[in-house]
Amino acid sequence: MSAAPNLSYDPARLAACARAIADAGRRLGAQGLTPATSSNFSMRIDAGHAAITISGRDKATLNADDIMVIDMHGRAVDTSARPSAETLLHTQIYARFPEANAVLHTHSRTQTVASRLFAGSGTIRLEGYELLKAIAGHTTHETRLDLPVFANTQEMPELVARVDAWIDSGQPLYGYLIDGHGIYTWGRDMAEAERHIEAFEFLLGCELDLRRLK
Amino acid sequence: MSAAPNLSYDPARLAACARAIADAGRRLGAQGLTPATSSNFSMRIDAGHAAITISGRDKATLNADDIMVIDMHGRAVDTSARPSAETLLHTQIYARFPEANAVLHTHSRTQTVASRLFAGSGTIRLEGYELLKAIAGHTTHETRLDLPVFANTQEMPELVARVDAWIDSGQPLYGYLIDGHGIYTWGRDMAEAERHIEAFEFLLGCELDLRRLK
Amino acid sequence: MSAAPNLSYDPARLAACARAIADAGRRLGAQGLTPATSSNFSMRIDAGHAAITISGRDKATLNADDIMVIDMHGRAVDTSARPSAETLLHTQIYARFPEANAVLHTHSRTQTVASRLFAGSGTIRLEGYELLKAIAGHTTHETRLDLPVFANTQEMPELVARVDAWIDSGQPLYGYLIDGHGIYTWGRDMAEAERHIEAFEFLLGCELDLRRLK
Amino acid sequence: MSAAPNLSYDPARLAACARAIADAGRRLGAQGLTPATSSNFSMRIDAGHAAITISGRDKATLNADDIMVIDMHGRAVDTSARPSAETLLHTQIYARFPEANAVLHTHSRTQTVASRLFAGSGTIRLEGYELLKAIAGHTTHETRLDLPVFANTQEMPELVARVDAWIDSGQPLYGYLIDGHGIYTWGRDMAEAERHIEAFEFLLGCELDLRRLK
């Protein structure tokens, strides 16, 4: 976040985004959702820029120096730092969901285990839970939410294509798992994105418990 | 909690209730019992009023501005804030149990999973646990406590009717689960209500573990 | 802990015991081992006295006012406070194990679940664990420790008799569970007693996990 | 860490190692990975010395006085303190892996349970997890890592021989479990060693969960 004479974005908005990202990281890390140096977080700065975590940092103890600016093609702006390897999954969300302003990717044991168990069927169906109302646009537990599980790959364009295919099919998308990996979800602001992470973590945990118990 | 010249309730009592609610929320939130913005809490101010959490707030970080006053019909008093959607379940407890002065509703993974597993039978029978003595009126582990699980609905009057029917049947009621949702319990004061939440959370967790192990 | 002109015990020793008890309670409570107002703790003051937690207090937030003095018959000394209902289980340990100076009783979900699962067989056999070395007198994992599970009763003299019978049979005793209840263990000092609690909690957790997995 | 006129090592490097060890212990202890007084940690000071935790200390609350210096034969240097009983497992890593500068041994319930479950087969195969990329040298989830489980013994030279045999066989080694015990892993620096502990703890937890669920 070095000062630059002719910045193409508003530095005050970047600073606010960096604070919101670091605060969310501290809370999510304390809940055990960001083991090792996994997970990555971003916020939309403006139509052409986003703030995103630099690759390899501990997400529970972020500060402003751990956040960098990218353009909406995922390229670093005004920095030689390297953004998260999964940057294109963030810019895709900003491109496909104009109302999304924060994207969170975490990597909990529950998320990883659920992704592996349901990778074969390709989706996890969530229904009958009051906490579905925590996902934007849901006003009753009498709903059904299909969370897709995409096959993992180190080739980001392939993952982007899998997410695009789901969206293009017309099915609603509130988040997704990647097999053997974690979850992506987003929100209008960081508070909503965090609420979505907490809700999906809870709902996936309930599904695993019920499967063990039934 | 705006100041009003002719308050119909004692503002000092409201302030004490708000502090007790926020303190309880902090402790219950730290135990993971209030994911996303779920859960709601209240205290009786006087015969005609209760303090209750405003809808949609994070229950682990409440302050006085997140607490509002309602009358015993669940209507907002001296505020344009919107009380919890489940307000009528709180006022029902104050109406049916004159000794109750605090009502807590939490929403843990254990509570939700137990509610779904036992929704079919309609009750969870708790017996043989020393910790049953933590529930008011129980002086030995040689007791039996039936915790009902009511079907969920977004129509509060229906839920109120289900709870009324249980009470009217003459069966004792110390708390109840709602299917796919959390628990309601209460106490003479906030300390007793919190002890009841902790005890039910513990006992439900034991029941799930024993079911997995036997 | 009111001041008395002719105390039958050393008030400085009592103060040190109360601090050690409160500190242990804070640590054990933070680990979730003392739900609701369960659990009780004591330390030997001298040959004729012990400091013990007053009944009904939250064990995670103890201070000096929550600790009282008893004699070795379990009677209150210089106070009208009521000691834990299970006081005789503490004085029994001081009588039967002269080297014991601290007794801890906790009540975790793992302890309660293990007690119910193994109540039928009457003991839990622990063997092959490196952490057995944390129990005083054990220098290798190639050992076998039988932890008894006694039937629960609200009649303390009956429980005392069950523990006496085990000791009188000549079998070693490092701690015991009560069915549907928690664990009792002890040590030369509070550090050793806490190490024993942590080790038994760990070992019982492993046994439950292995039973679920095998 | 007493001052000595002709130290054979750099006291500033020792102090830095002691701080890094204590900080790691605090974090690992807070995650529940060091029950009772289990676990031990070390760092390489120079070619001939390492800093290591003194036997029997609580690893979550270490300070400089809990860390001592050993030579690369595991003998105490400039102190009468007794190093961890497993010191030779640390010096072995420094001898066999010249790039390793920090060695961590923890003892979580997950590690102990996994070690017992997989002791028969002798290895735990980890594959298909994105978090394998947290282990040094792994750049894709499409990899396979075999974590050995060695039989436990109180005779350190025997354990050393088992580890040597694995390394001498030419199989890669990133860490290992000891049956009924915990894990050993290491890194170029403490941050990498900690990342490895966190990653193995996570991956072993996933394996246990999947075994329960499939």
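Read from first to last, the chains carry the letters A, B, C and D; within each, the first residue is number 1.
Note that in this section a contact is a pair of C-beta atoms (placed from the backbone, for glycine too) under 8 Å apart; a residue touches a chain by one contact, two chains touch by 3 or more.
As the structure is a computational prediction, the values presented were derived from the model and not from experiment.
**Q** Chain by chain, through touching neighbours only, how many steps does the shortest route from chain A to chain C take?
**A** 2
**Q** Is the contact between copies chain A and chain D built from the same residues on both sides or from different ones, judged by whether over half of the numbers are shared?
**A** Different, since under half the interface numbering is common to both chains.
**Q** Farthest from chain B in C-alpha centre terms, which chain would that be?
**A** Chain D.
**Q** Centre to centre, by mean C-alpha position, how many angstrom separate chain B and chain D?
**A** So the centre of chain B lies 46 Å away from the centre of chain D.
**Q** When the centre of a chain is set as the mean of its C-alpha atoms, what distance in Å lies between chain A and chain B?
**A** Centre-to-centre distance between chain A and chain B: 33 Å.
**Q** Which positions in chain D touch two or more other chains at once?
**A** 212
**Q** Name the shape of the chain contact graph, picking from line, ring, star, complete and other.
**A** ring
**Q** Within the complex, which stretch of chain A touches chain D?
**A** 35-38, 107, 109, 112-113, 116-117, 152, 154, 178-182, 208, 211-212
**Q** Can you check the complex and tell me which residues of chain D touch chain A?
**A** Of all residues in chain D, those touching chain A are 128-131, 134, 139-142, 195, 198-199, 201-202, 205-206, 209-210, 212-214.
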